[in-house]
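Structures for review follow.
One chain, subunit A, links the two complexes that follow: it is found with subunit B in the first and with subunit C in the second.
Here is the complex of A and B:
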């Protein structure tokens, strides 16, 4: 009798669903799961959008694609913005691989941009453009690197929390930009008119190609750096097991500082392109929050710089497409667009759960009996 | 007068997974107004047994009776309901709260606290039992002993009649221990029952009324303290010697390889983790290190490996170099000149090499480089290298061939998310001037190890975290041995391994010994230590209790030393009784 009781107890103890870690899935299954998640999220978004307006859900998809690919200019803008986001993601990825939570992408981009604009503002017209662009490049890289290395030094030597530190530096960067704009713009409008010198040349007569090419190449280089170089190996060891790193004689402090110099400098390069290649001016919102969006892109790609090309493209595609949807569906504010973007992100992130785990339901009493009997027969 | 039984455990069994039995059919009882010691080696199931009383675990079999009534304790809250309080080894206090706040928190369900009247109650209690407690002090400002007091008061405040203390004296100074024992005695006078989990024999004798001895999860015996002695208890704890079938050849021409003198290491809490430790390790023998877990074995090995800043002491490595020419493989040019300057180098024909020619004129860098590369320069004696204050990397650069199998395999020896190949390169990835890593050689090594040690894995690209414990250990030991060590240090290399994998590891260590490597083996199973090692060094409380010959030593002798009796004292006693 006692035994029966314990058995009943065990049944009671087993919850009705359990989460079990699964073995590695083949790549095609992973891709399939992601594809299903994306399609499902878009369908859901289409339904929501048509609920809030009188439009046909199908119009959602046509608007989405027109928004992103509707004209050659739109396609080039899509590619350019993808490249910029990719640039930021490439900058963040070595830090994240090292488990250094760099939330300061925005600030690092801004100071890079500010450095370039300062050069354009003060040196523009006084020296040849080629030389100016060279100085701008160096200045942006140094500015970004400084913004990246500051939290790294404090983390390495004093154990300061890098997330807070990098986050706070964003505000300082924004403050600096606001301050310089006040100094530069005498009219008091607070808007710096685009500067004419130090603008990047158009490659093959197309002003977008240079940006796209540079960041595509940087992504490939970063992939090689992380995967095949000694530095990349050290980053992985430090990120995964600092004690092992210490034991095998990796100088953890040095790796942290070195990696953050690289991370900051690359963010600075994105700032450089914003200044010299695209806007030719600066505002406190120049970074366009890419420092955070890029974290999404990098995370979704499991920190693989080549996969990041795809995730960045997808993120920008949704953002561009939603602008068109908003117009066509007559939404007067951003909220619906943001809800859709949030929904898509949510589905894509949630589906990664099903790649690592599977859900097991408790068998009901009758079913359990059946399987037990079946086993008995066997 | 017969004392009333408060708690009775009947036939308690607790398993973890299919193979590990933490407690097997344990039946004990606790009486009102007594102090009961639970004694046993590490991993004998003392804490697990008590955790079942405290509601942390639930027994798989058996029943618990409290005051004669069968109960089921499913959570710590249930335990409090039955007036059982447990003080864990790691305190569970909130750092930014005061003592009083920590004591009352969670006691009122309506969410209101009357700190003032609570304080009065606590003060009354403190007087009754003789606590010294500052109720307004914040926990983060407290010493370990003060925190412990808060934990005890917290349990009593919740009305605990039975107090369980898990190794309460481990972190206390002798004075603090005396004070704690006074409190425990006062509690006994007031009719409370106290259970202390310990492995210190002298404390058992001093404080407890009865002693329950556990060994490998089983209840051996419960005796009245007044009717037993330390030696009998030690015998019960370690049991009979079991000879294992491990091949143990006699050491051949042991050569001094490593010498540790007066090594002391201070812990972060200001107490000595290692206290004046001295020993020597010889090539061609296995030196065992025995001791209760956490008595400094880990720190000792890590200190030798260069991971700690030492308080005092010396670590000297004797590099067997006198018959081999020096090379630039391990020595930089600067290091060669340094050695030449201190008169340690010679030419093949015996003349001194000082970096100068016969007339005292310095040789050119090119000439010296040529001579070294041609293999013309030798060490006069075995090279003596001081390892104190050197980082692991510096140690390696000096050409010291240490291999280390740390206790924490995935935290320190291997990188869990990397595959087997990448883990193979941890030691060697720096080789060569190229900025890129070479994965070809490590992959060959990985394949070699998988084949020769029969590692069960899909392939070399499987992350090590996906392997089983035994296979992870094989990968780690395999890599450390492949580095061709002169000194091989292994901390608990068979922990968690099945019998077959354990024997694989024993044989690997013995093979290394035959190759002239100085093997240092930290183990917890005395039978293994006695069957595998040549000599055994016994540590207790960070101090060396003595070194015994593993072929002749008695198990009880080592047991006593592990409990803190120095070898000399044991010999004196035995001499006296003869």
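Here is the complex of A and C:
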């Protein structure tokens, strides 16, 4: 008798909730889920910020907007930084489409920047600026491509783990920059003064426009490259299933190496703009962690270069806005920005779960009876 | 020379904690790129614990060694584990991308640590740091070899003990076997009746707690209670992840690997009469060495030297 009862209980014990994979969601639902996540994370951030200061949570949002859009200069800076981040994201996206975890964006940007700066340092003043800029462009593209292709070669031939390889190359790039600074700066201050030659011209009398235009165009080109060319198709196949790729006659090794040359070279271009267009100098922090931030931006856009324009804009918007929030709320260091950005990431990452899966709750006894009857189960 | 070994061992300890934490996590099949952020969080927790404890005392001389150690250990492990459990929730239950989640954890951890540290009262960090790193009583009069072996704070010996225990548990016990099974092939482990989710959670959270001690140790023992920002500790976190590859996912080898990395790291500062350029070159050594090891192991393809087979992949039971 007792045994029977426990047996019955065991049968009844269906889990309270279980997880089921969803079919593809319509686009508007995906956008809605992301929007809810972002709003929720910002509300959470506003509450946290107001808890640690005596301001009211609404001030958080107004500060966020004035920080990002408060003056024409701020708007241009916002656009410029968005363009740079977009540039890195565009550079990384072919690699990620191929499921090649390129965590080396920082390093690839840095070597590109370093190559451009060394041209400026050694050749500046000796040759005309136009020629110098040309040489800088070639040098930084090559440098970035080399930094990108090294892990790709080993991945293609030996299956070496690329995420760790690229991660290590970041530090070697940082080390190289630190080393060259010690060579160039004799005073020992470790700060390279901005170089005057090889600076990019201001387009239409505005020094921000060139950067914005270049990376916007690159994003559109990358969209076309990935979607409408044979190369783009090969990248997608290699990413989804290397075995299928092999079977239909795609040279997987070649695709990996070629894609990483493109990825690295484009990162190098971002470095070039940092050197020639914006800072005219270099430090170990020049890449400003964009290599990692861009991964986030690309992933949020599900690796669509056009959507990345929006995600990059959003991330930079938060970063810029937080500078103002920090000032207005009286926080002593800029760490609050990272906390808020981290919270936004958490919420957005977590909501990706609800796009691929759905949660099914255990039906109550009465409900189950009904569905069972409907199905004709006794 | 003694100074060189002592400082190398100090840096090695920081790396060893981070490395062991990451090994445990990776053995469960999770590449936790959040370790740098988690180590920062451990720092923040430990420092908060120290300042709270020192705040209750009338004067810093009254501090009890054992209480200070226990409180700081507890706090740093708890804070690191808290951040680790966010990672676990996102990657195990919600099956989010591990690399993305890890990077987000690092961003958040670094920020939160700087934030917490701006509130922490650091008045008594100097005496607390000295107390925490005080060596065994009899080691004060030693010099040379004796000082290298015995002249450290308790945290150094704890790290070695953790590494040894971890190695034994992973390779000699049923729990370790199950954990490795979960990391190699979660579907097989699940079919064998192992609670995959539980193993993953416990591994990630305990790994995070261990890694967290590393960051705290760096602040209290190595730089004796001074604080700049989280960036230095983050750098150690990345190095610890590199170390995991270098030692081929073996905790007992990690003890020596960590020492080698620590030596590489410190050698640039102790060699007299080198230019700053040469110093920067030497500082790149650990990373170059890691890449070489990474490449060599992937070329040799020895089965016991490979990363856990399902590293980085989410596990969903209904997938085939």
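Operating definition for what follows: the second predicted complex is superposed on the first by the 348 of 378 C-alpha atoms of A that agree within 3 Å, B and C clash if a C-alpha of one lies under 4 Å from a C-alpha of the other, contacts with A are read in each partner's own complex, and residues count from 1 in each chain.
Note that in this section contacts are C-beta pairs under 8 Å (C-beta built on N, C-alpha and C of every residue); 3 or more make two chains touch, one makes a residue touch a chain.
Computed from a predicted model, the values in this text were never measured in an experiment.
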By the touch definition at the top of the document, which applies to A:299: first (subunit B), second (subunit C), both, or neither?
second
Once the structures are superposed on A, label A:163 by its partner contacts, choosing first (subunit B), second (subunit C), both or neither.
second
Let me test your reading of the model: by the given contact rule, A:122 touches which partner, first (subunit B), second (subunit C), both or neither?
neither
Of the partners subunit B and subunit C, which touch A:231 in the superposed model: first, second, both, neither?
first
Report for A:361: first if it touches subunit B alone, second if subunit C alone, otherwise both or neither.
neither
Identify the partner contact of A:246: answer first if only subunit B is touched, second if only subunit C is, both if each is, neither if none is.
first
On subunit A, which partner touches more residues: subunit B or subunit C?
C
Show me the residue ranges of subunit A that touch subunit B in the complex, using the header's touch definition.
24, 228-233, 236-237, 240-241, 243-244, 246-249, 251
Enumerate the contact residues on subunit B facing subunit A in the complex.
305, 307, 391-394, 396, 404, 406, 408, 410-418, 422, 425-427, 429-430, 435-437, 466
Okay, in this complex, where on subunit C does subunit A touch?
31, 33, 86, 90, 94-97, 99-101, 103-115, 118, 229-230, 238, 241-242, 245, 275-277, 279-281, 283-284, 287-288, 290-291, 294-295, 298-299, 301, 307, 312, 316, 318-319
Listed in rising order, the residues of subunit A that touch subunit C in the complex are 19-21, 101, 103, 154, 158-161, 163-165, 167-169, 171-172, 175-176, 178-179, 182-183, 188, 292, 295-296, 299, 331-343, 345-346, 349-350, 352-353, 356-357
